[in-house]
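Chain naming follows the written order as A, B, C and D, and within any one chain the residues start at number 1.
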Amino acid sequence: MTAVETAVDMSTALGAVPIPSPVLTASGCSAFGRELEPFVDLTAIGAVVTKSVQLRPRSGRPTPRMAETPSGMLNSIGLQGPGIDGLLDGELPWLAERGARAFVSIAGVRVEDFAELATRLRGVPGVAGLEVNISCPNVESRGEVFACDPVAASDVVAAVRAAADPAQPIYAKLSPDVTDIVSVARAVVDAGADGLSMINTLLGLVIDPDTMKPLLGGITGGLSGPAIRPVALRCVWQVHAALPEVPILGMGGIRSGLDALQFVLAGASAVSVGTAVFNDPSALGRIHAELAAALETRGFASLREAVGYAHR
Amino acid sequence: MTAVETAVDMSTALGAVPIPSPVLTASGCSAFGRELEPFVDLTAIGAVVTKSVQLRPRSGRPTPRMAETPSGMLNSIGLQGPGIDGLLDGELPWLAERGARAFVSIAGVRVEDFAELATRLRGVPGVAGLEVNISCPNVESRGEVFACDPVAASDVVAAVRAAADPAQPIYAKLSPDVTDIVSVARAVVDAGADGLSMINTLLGLVIDPDTMKPLLGGITGGLSGPAIRPVALRCVWQVHAALPEVPILGMGGIRSGLDALQFVLAGASAVSVGTAVFNDPSALGRIHAELAAALETRGFASLREAVGYAHR
Amino acid sequence: MTAPHPRTTALTTPAPVADAPPVQRTVEVVGARPVDAYVELRLAAPEIAERAQPGQFVAFAVGGETSGLLLRRSIAISTAADGVVTVVVSAAGPGSTWLTQRRPGDTVDVVGPLGRPFPAPPAGARALLVGGGYGAAALVGLAAQLKEAGHEVAAVAGAASADRLCSVQELTELADTLAVTTDDGSSGRRGLVTLAVDELLPGCGVVYACGPMRMLQAVADAATALGVPSYVAVEESMACGIGVCMTCVLPVVGSDGLTRLSRSCTEGPVFGGDRVRFDDVGTLPWDVVGADAMGVTRP
Amino acid sequence: MTAPHPRTTALTTPAPVADAPPVQRTVEVVGARPVDAYVELRLAAPEIAERAQPGQFVAFAVGGETSGLLLRRSIAISTAADGVVTVVVSAAGPGSTWLTQRRPGDTVDVVGPLGRPFPAPPAGARALLVGGGYGAAALVGLAAQLKEAGHEVAAVAGAASADRLCSVQELTELADTLAVTTDDGSSGRRGLVTLAVDELLPGCGVVYACGPMRMLQAVADAATALGVPSYVAVEESMACGIGVCMTCVLPVVGSDGLTRLSRSCTEGPVFGGDRVRFDDVGTLPWDVVGADAMGVTRP
């Protein structure tokens, strides 16, 4: 990551919080950052987006929890995690000690859960902001996902914005599994979201040809990886076209600097790298360097100049 | 295709029309069948699902019309075709002469277009039925796609069912780009659809890193191929669970007999093979044989027994 | 709605379809030889070789069994003889790079021969063959066929630089005259192929060209200006190569004088040079058949 | 909500983390040798070799540059010496099949060493090593290390049939006793490894096992019944291999007696044999920490 120094100014921001790199982890794809330390300089990346945390510790779903699919994978982890207490006691101090920024993903099954999590995270050192996971299709109560309904989505976001530390930007994480993502985006921005993270996984299914039943314990799972990149780019493109002033944290299948560049040109001011980390644990540093080089080749002096360029 | 003879009864039906094989082409992925003749026995496959036809001849969109994506592709052909006259004069007689069944895909921009097309196709020899393409995201008027609105979708289907030859089953082709595919499925079935084809492509975008603009002439395009298979399977699974009596023509990323098997187990009584034909022009015959062998290995005496088996 | 006006001045008749339909085979690589910037692959593909006609191409599945690249890669047939098909591949992106990494003993899945071949010239006509970059490879089989049929053959091979020239040795052996040009002068004359074309054209009864679009246009225009029929093998982005996907189209004037978006894989890749509307490639002119249905009307 | 009750009878302490963190390197294949049903690959990977401890594994990216397979494949390290890491691969699906097709001179992207190694036995203890199928390969480095530390080593290698036995020659050279069993009797004694294990267990101070889950369970149960501590290297489906994805979990009793869904890549693959709740793998028992939040309550 320190290797290639380009002349391009790679700094960007999450809401009003400046970050030195536009490349972040994706929630649930780098745990809480610790395990990446041998491969990535955690202080040099934009932020560690933590695995979505809920109020209580969760075991997650029984296995099998994943199925490989063409250029992607399906997961149904079920938000295994230590709960907010474990996060505050163990993971966040560890990141803060190292000077790494945490963008904490919060999840819940009721509006109040989200608000309480936001309250607990007020003023916590090293927390650069909150990502509000309203779109995870994997939680047990799958009747309706918050992110699939503009009203439910904005209820959560409004409650979080009211409860959260004003210094902490909040990004609403959107699901692509909707007829009109722009209307959901508009609703959560009106409700106070400082930015938008997109996209979460697509709902998918794999049937095991041997057992002849759904392969995953959770029946359906979330599809991620390069397979979904064109869908993710389309979502970023549509939302940036409709709401050009709203910062977007783009993600979905980013594997190289040129992939990241596509998201930036489509309107993302930062990107998360998820599934690609499973393939290449060094991906974050590499992608930062490749993106910087790609921007330089194309004559950009700064990342900011390139954000949304494809719309011009 | 004639090669491996298994003991499995592979016959199935489109609505009430019997077909000898559950493996069909996918609309727009095998033109009108002619070009496949060197590679596939057109009379042995279930049917040739023709490229969606409209009332008038259409040039389609300017190039570039496609972008390769990880395990898939994006297309924005724009329904290039000869129009209904060309189809009736040239392509359908050619298929009928050979004894190949045509499942004619019709498309339009107004409800009346669809109805007129259905009228023109009444009693035409060799036409096994109609697939109603209400979900193509590629037509010029992209404000709202019929398939994204249960009401608009059922208006089209009701008009087609009223106008069409009663002996011709009509299948509504659904888009995955909706919040709730089951509600759209229910609406079109209530409006008279004899079956459901799913899925059409997902709306996607690719940005050309050289021009830094969207690569396709049509900006967005339709994502197809193995990349989308888990999404397609999930749609088939959800709809079959909700409407177990409704025949489903399953498609989306089918490349092998085991892929086809997954669709059958999820609830499809026939499958279409689209993008895989570009990779392997012999795919249809191979997939029929592989599926027959896979069913035999698993102890099924007939394809029909396996339909929806994963739900049991 | 105004009916598109036919264009009726064409010197060429559309190239006829090939004599034999294509086959799909898994074949063995029997030779792989780097030649300057390219790799020449030799395939033991008797059923394709016996069907192949000059101007046709093959389409390879790329990346092996675990591949995330779904679409076939189209590569012109250079020669097809004694059961062996020879192609020359330039490593452009991931798929063609994978092809250049094949080694003898490897197998590849190939479909061919595809597309329409170059039509035969008028009896006794002197033919001019013009190849740009690896496009020259596609003319080697044609040169041999023409010589065998008793035609006088002049050839021009051009490229950006010496290492991107192709099949020069083969064409030297086959052609009566061979001119070489490079943009940077690193081999042959400095300049574009048109330099040599302009000199060799007079007296020719037909021109055949294969190479980048801009070159094809220049060569076709020069030929048409002198009243010489020309046939160009175009290179459009293809998804299937067999005519079923409609991605590879470009505006071509048909024998009825109407312009259609024609598939370069099955209606081409060989088109009359005066029939391809080069300036309109990648656009949708109003007078293309069916453009009105797309909302494009006469300005 | 009832608090899960601690289980406190464990004979083993959880395996400690490895001495060194993993690295990611592109390394050259320097040997590829079919051995019955498997392929033994030798990799020139000095930085991994010098860090590796018996029981650890490596994770390979598979399919090359055009691959549609995104996830790494985990393979146990058989031996690591003189800068060379040796692994034994069974062609199960597309990814492992691709690995078995690598040839000397090819390069592969590998991450390792990963996971927790087998903990050292009590001083002077006799050790029993039990390998099922290719699982025996993972015990070769361990056998060597134990012998060097002066331990007496008994080993059992079992498989379905003779061609699926593994590393028998290496273990013959290293172990003081080696028993071979096959389900079909095509080599050694007919039957399961437990046949030999039951005979060799008495007098052993520790058991190490690697192989299919059912075998690990049988071996661990036998050891625990005799009060002998056992360590098993489990094989769970993994997406990342480095501990970030949470796909590879199974229910394991921790040192506090509570059961957690533990990652087999970073908290394993080596677990105390009496700590893995084999019967509950693939389920979510109510007394797992955090199961209550999933809606699973005490029955």
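Here is the rule we use: a contact is a pair of C-beta atoms (placed from the backbone, for glycine too) under 8 Å apart; a residue touches a chain by one contact, two chains touch by 3 or more.
To keep track of the chains, here are their UniProt names: A, B = Dihydroorotate dehydrogenase; C, D = Dihydroorotate oxidase B, electron transfer subunit.
For clarity, every value in this text was computed on a predicted model and none was experimentally measured.
A.B. asks: How short can a path of touching chains from chain A to chain D be, counted in steps?
C.D. replies: The distance in steps between these two chains is 1.
A.B. asks: Select, from B-C and B-D, the pair of chains that is joined by more C-beta pairs in contact.
C.D. replies: By number of C-beta pairs in contact, B-C is the larger.
A.B. asks: Between chain B and chain C, what's the gap in Å when you average each chain's C-alpha atoms?
C.D. replies: Inter-chain centre distance comes to 34 Å.
A.B. asks: Can you check how far apart chain A and chain B are, centre to centre, with Cα atoms defining each centre and the answer in Å?
C.D. replies: 34
A.B. asks: Just give me the whole-number Å value for how far the CA centre of chain C lies from that of chain D.
C.D. replies: 56
A.B. asks: Using mean C-alpha positions as chain centres, tell me how far chain B is from chain D in Å, no decimals.
C.D. replies: 47
A.B. asks: Of all residues in chain B, which are in touch with two or more distinct other chains?
C.D. replies: 70-72, 225-226
A.B. asks: Any chance you could list the residues of chain C touching two or more other chains?
C.D. replies: Within chain C, the residues that touch at least two other chains are 68-69.
A.B. asks: Testing understanding: with touching defined as stated, what is the shape of the graph linking the protein chains, line, ring, star, complete or other?
C.D. replies: complete
A.B. asks: Contact residues on chain D for chain B in the complex?
C.D. replies: Touching chain B: residues 68 of chain D.
A.B. asks: Hey, which residues of chain D end up touching chain C in the complex?
C.D. replies: Touching chain C: residues 62-69, 94-95, 97-98 of chain D.
A.B. asks: If we count contacts the way the header does, which residues on chain A are in touch with chain C in the complex?
C.D. replies: 70-71, 226
A.B. asks: Touching residues of chain B toward chain A in the complex: what are they?
C.D. replies: On the chain B side, the touching residues are 67, 69-72, 74, 148, 177-180, 202-207, 209, 212-214, 219-221, 223, 225-231, 233-234, 237, 253, 258, 261-262, 265-266, 294, 298, 309-310.
A.B. asks: Which bits of chain C are touching chain B when the two form their complex?
C.D. replies: Touch list, chain C to chain B: 21-24, 61, 68-72, 109, 111, 236-237, 239-240, 242-250, 260-261, 266, 281-284, 288-296.
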